Amino acid sequence: MPIRTEPVTVNIGPQHPSTHGVLRLRVTFDGEVIVDVEPIFGYLHRGSEKLAEERNYVQVLTLTDRLDYVASMTNNQAYCLAVEKLMGVEVPLRGQYLRVLAAELQRVASHLVAVGFLLQDLGALATPLMYCFRFREKILDLFEMLCGARITVSYMRPGGVFADAPPDFWPALDVLLAEASELVAELEQLLMQNEIVLIRTKNVGVLPLETAIAHSVSGPVLKASGLAWDWRKMDPYDVYDRVRFDVPVGDRGDNYDRLRVRIEEVKQSLGIVSQCVEQIEPGPARAELPFVLRPPAGAEAYGRVEAPKGELGFYLVSDGSIAPYRCKIRSPSLINLTVLRELLIGWKLADMIVTLGSIDINMGEVDR
Amino acid sequence: MYGFGLAKGLMVTLKNFINPPFTTQYPEERLPQHPRFRGEEFAWYEERCTGCASCAKYCPLGIIKIVTSPSETAILEGDKYNIDVFDIDIGRCMFCGLCVEACPYDALFMGSGFERGRYQREELVIGVDELREAVKRPSSWFRPQLEEAQYDPHTGEPLAWEEVGREQWPWHQGEKAGARIDWRPRRGGGEPPEDGA
Amino acid sequence: MTRAFQGQELAGFLRQGFPDAVTGWAGDCLWIDAPRLLDVARFLKDEPSLAFNFLSSVSAVDYIDHFELVYHLTSMTHNHSAVLKTRVYTRDDPSVPSVVAVWPGADFQEREVWDLMGVAFEGHPNLKRIMLWDGFPGHPHRKDFEDVVSY
Amino acid sequence: MGPFLRDNVVFREVYCWLGGSESNAGLCGGADGLLPAGFEWAAYFAAGFAIILILVNGALLGAAAFVWAERRLLARFQSRRGPNRWGPWGVLQPIADLLKLLIKEDIIPHAADRVAFTLVPIIMLMALLLSLAVLPFAKSAYLVNLNIGVLYIVAVSSITTIAIFMAGWSSANKYAMFGAMRGVAMLISYEIPLVLSLVGVVLIAGSMSLVSVVEAQTIPFIIVQPLGALIFMLGISAELNRTPFDILEAESEIIAGYHTEYSGIKFALIQAAEMAGVLAASGFLATLFLGGWSGPFLSGQLGALWFLAKLGFFVFLFIWIRATFPRLRIDQIMAFAWKFLLPLALINIAVTAVQVYFFGFYQAEVPGEITRGELLIMAAINIPLALVSIAAFGRVTREKIRVPAPRFEGLAPIPRTAEVD
């Protein structure tokens, strides 16, 4: 006599400890197994793109900090690249080095948040999260030294960075680089051989490569599925063609590979930062641009950057006035979520939380 | 084998259990802050401010309210205006510092503290009198002259308007913030613009 | 370096298969006639020498007299990129064929264009508002949108 | 007066002091107590109340102390300082928490089944306090010396399963329902290895009463019964839903699981029951496997200190594990119970039975008497056996890393346009 069961629809609602922001998932369960998932967005929609149309080009920069509020440096970099393409401006070498240095430090900080909260979703009560945040705290102190703010940095300006790094920034950076490898090793020792982490993440939420490419997935999620596609390598911007780094690749595309790819990327980013410190020479940190920028009318540009979450792009259209006519933001978190249904259907509630955590979304960027 | 990974994890937590804690106890101990920190209480020098409201115009949120009245002395020589109202609503401010960047006369500086919390929203508006009497410890954000002077707002002495210095930004010569003048060559060459419109 | 396809070069590829589809090119973008968008997209993806298998972004721009949809494509096999554009000239319920069949990644982006700009996509599996609630009057990103909801 | 109350120190003192008279001279030695002759029943009531006062307050204050210890230790594991504002080193923090919870509004959801909803905290606390009755805190300081102590503990500790399911069902909340269903599945399937792991101890000690188990432990049983100790530890941490088995109240998945809807004093009681549960479990572990109050020297007078030291060791172990390990998934927990713990428990019983028969009865002068030397031999056999069997069965469970889940073609996806809420 088969037991009569009926699917129950649960709102893993906008207010839930592990949806990484205000994401609402309307999930239909058959027991613990997921039958259907429908993500619902818009709870953090601030209309950034419409706001951008009534601000001048430097004021829009303060908007970009608040897109992916965990990686605001890379948002600035993407926007500044788009404006520089629009204006045809050449950024001085030192400015490019400072940008790459800040962006890579921000990538480390963002991946630490991703790894820390993934372990929090797995159930390790905040201990790995604290170790990750302790390491991130050191990076945020460097940002405060660099540009006066820790999270909403608005450090970069079209044409370079707003000002050169203060003299006592470089010794502090060397101190961080010295102890960084030991902090990463400690994190790896705590996580990567832990049998419970292995059994919870291996072979869970497998994303085949073709599905990933078809669903325009980018960033560590795509790399974990087996393709070494990184915009810093494929279409180098700033000084990424002068620094040596390799792109970590996973083989199965499951949660464990995504976790491992992120930790590998942290190591590579630290390598890039130390190379930047060696190669940087004195010089102007910012191109001579007028205070209020006026790109030529009818010009348009698509600046893209390998943000920690994936390919972050700004499509700017100018009509000759001091404000962009249209500023479209290609947000990696929103597009990485298109693959959520393929990843979740057929798995259990506990796997859903871990897979959502391993995709590493940021609602500020999804809802803009 | 089954247990080794778990045991290694336990060793990591034990090591951290023994090491001293990383956190500081906030009110008693304080973290060292960098002079460039964009603090809350603005440092505003009335002697330098001409009431041109470039800061109010350049603020992305438009939260600076300036009301000026023509000063009685020497109006024709373009004497400076009296500033009657200079409100900065730090309840809505995001401390991006664009107003400090836009000020052509280095009259407005970011503050260096972050403890100006109040219970009522109205009290979050910094009025002109509070700006006048405030102890002026300007942050060195977007003010390279303070940085070259190694001035640290958290430990240093308050600065009067003469000692705070002024930076000759390239764009401040030929162009008032917001006005539309074609882009000047490097500040070394070229004479000041004729019309200055 | 990612090689950006010039509009003219891309038009050359399309001339044999779709003589009437191309309506113009300028710099590195190519304008395509709206109804033919789906089969041009399928051709661009399946053609081995082009192989545009990664759709970077779908954007819509409101130029008052017409809407312009911009598709940034990338090929992950040959590392080259292209920009595809279509124009819709009506302002009351404009619609364009959906490319979700070719690039499933366009699902949420097309829903967002529908939600904020008002350009409908025929053939989209679940065309619903993505950012705003279903009862929201109007489409905010249009230039002639006046703010009726907020006080 | 029942026999078990007579040899309870506290009871006898209070009873004789109040109701001492010539009628119960045998017990109180003839000195007449405060109350006049006819009021023995009042003295009996007062003495009983004194014991309850001590036990219940001991348990609840112990829970408060454990809350404080857990928050401080967890903080130190995470390289931060725990609560240190209320009182020196934050000692008054649990009191502050309790006061806050007392003041908080005690909400009962509209659609909740009110009776079952309010009963849950009472049942959970009752189950815990019942199990403390048999725990020997020091040489003769126990409420009662039941001769079936071990069976009694396991029987009483399974009441919480009903309470958890009542909480999940009655609070009319989907997350609570998830928590309750998981709870029932896990708790019941961990009862079996829990009980079987104690059979070894009982076989060696020859009796189920905890007091005699402590006396029989010339060598701490954790060395003689390594498998039994491991299984009991894992089983009891599943009973108390401590990490890595805390899927009952998995914060990240189902918010607070079965006690999502509880607030105010009900929530305080459930937390107290849970925290005191850990103390009780550490107490049982200390008594059954580390020799309770019998320390290397002065165990007569300092018995209570030895017991507290061993209890503290196990409490530290529980907190340490909670600070480090993530959570297992429901099907992995079940596989762990049935395919890993159960076979180990059976092996442990078989081996112990053979050893006890060979040493205890085969050619021993006094049947059932196992000397210290023989215990050492048993230990020498059991420890390598434990390592081998853990390795063997560990591989069995590791093989079960999930192959990607079967697609659900059968179930047609719910049409997405239906706007449910």
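Details
Residue numbering begins at 1 within each chain, and the chains themselves are lettered A, B, C and D in the order written.
Convention: a residue touches a chain if its C-beta (ideal position, glycine included) is under 8 Å from a C-beta of that chain, and two chains touch if they have at least 3 such contacts.
Values in this document were obtained by computation on a predicted structure and should not be read as measured data.
Each chain's centre was taken as the mean of its CA atoms, and the one lying most distant from subunit B is D. Ranked by number of C-beta pairs in contact, the top chain pair is A-D. Between subunit A and subunit D, the centres computed from C-alpha atoms are 45 Å apart. The mean-CA centres of subunit A and subunit C are about 25 angstrom from one another, to the nearest whole unit. Inter-chain spacing, taken between the CA centroids of subunit B and subunit D, is 59 Å.
The set of subunit B residues that touch two or more partner chains comprises 2-3, 6, 9, 12-13, 16, 22. Residues of subunit A in contact with two or more other chains: 127, 131, 134, 190, 194-196, 198. Listing the residues of subunit B that touch subunit A in their complex gives 2-6, 8-9, 11-13, 15-16, 22, 31, 33-38, 58, 60, 94-98, 101-102, 110, 139, 141-142, 144, 147, 170-171, 175, 177-178, 180-181, 183-184, 186.
Here subunit C touches subunit A in the complex through residues 1-2, 53-57, 59-62, 70, 72, 76, 79, 81, 83, 103-109, 112, 116, 129-133, 140-141, going by the rule given at the top.
In the complex of the two chains, the subunit B residues touching subunit D come out as 1-3, 6, 9-10, 12-14, 16-17, 19-23, 25. Those residues of subunit A whose C-beta lies close enough to touch subunit B in the complex are 55, 58-59, 62-63, 65, 127, 131, 134, 137, 141, 144-149, 152, 154, 162-163, 166, 168, 186, 189-191, 193-196, 198, 288-292, 294. Here subunit D touches subunit B in the complex through residues 73, 75-81, 84, 320-321, 323-325, 390-391, 394-395, 397-398, going by the rule given at the top.
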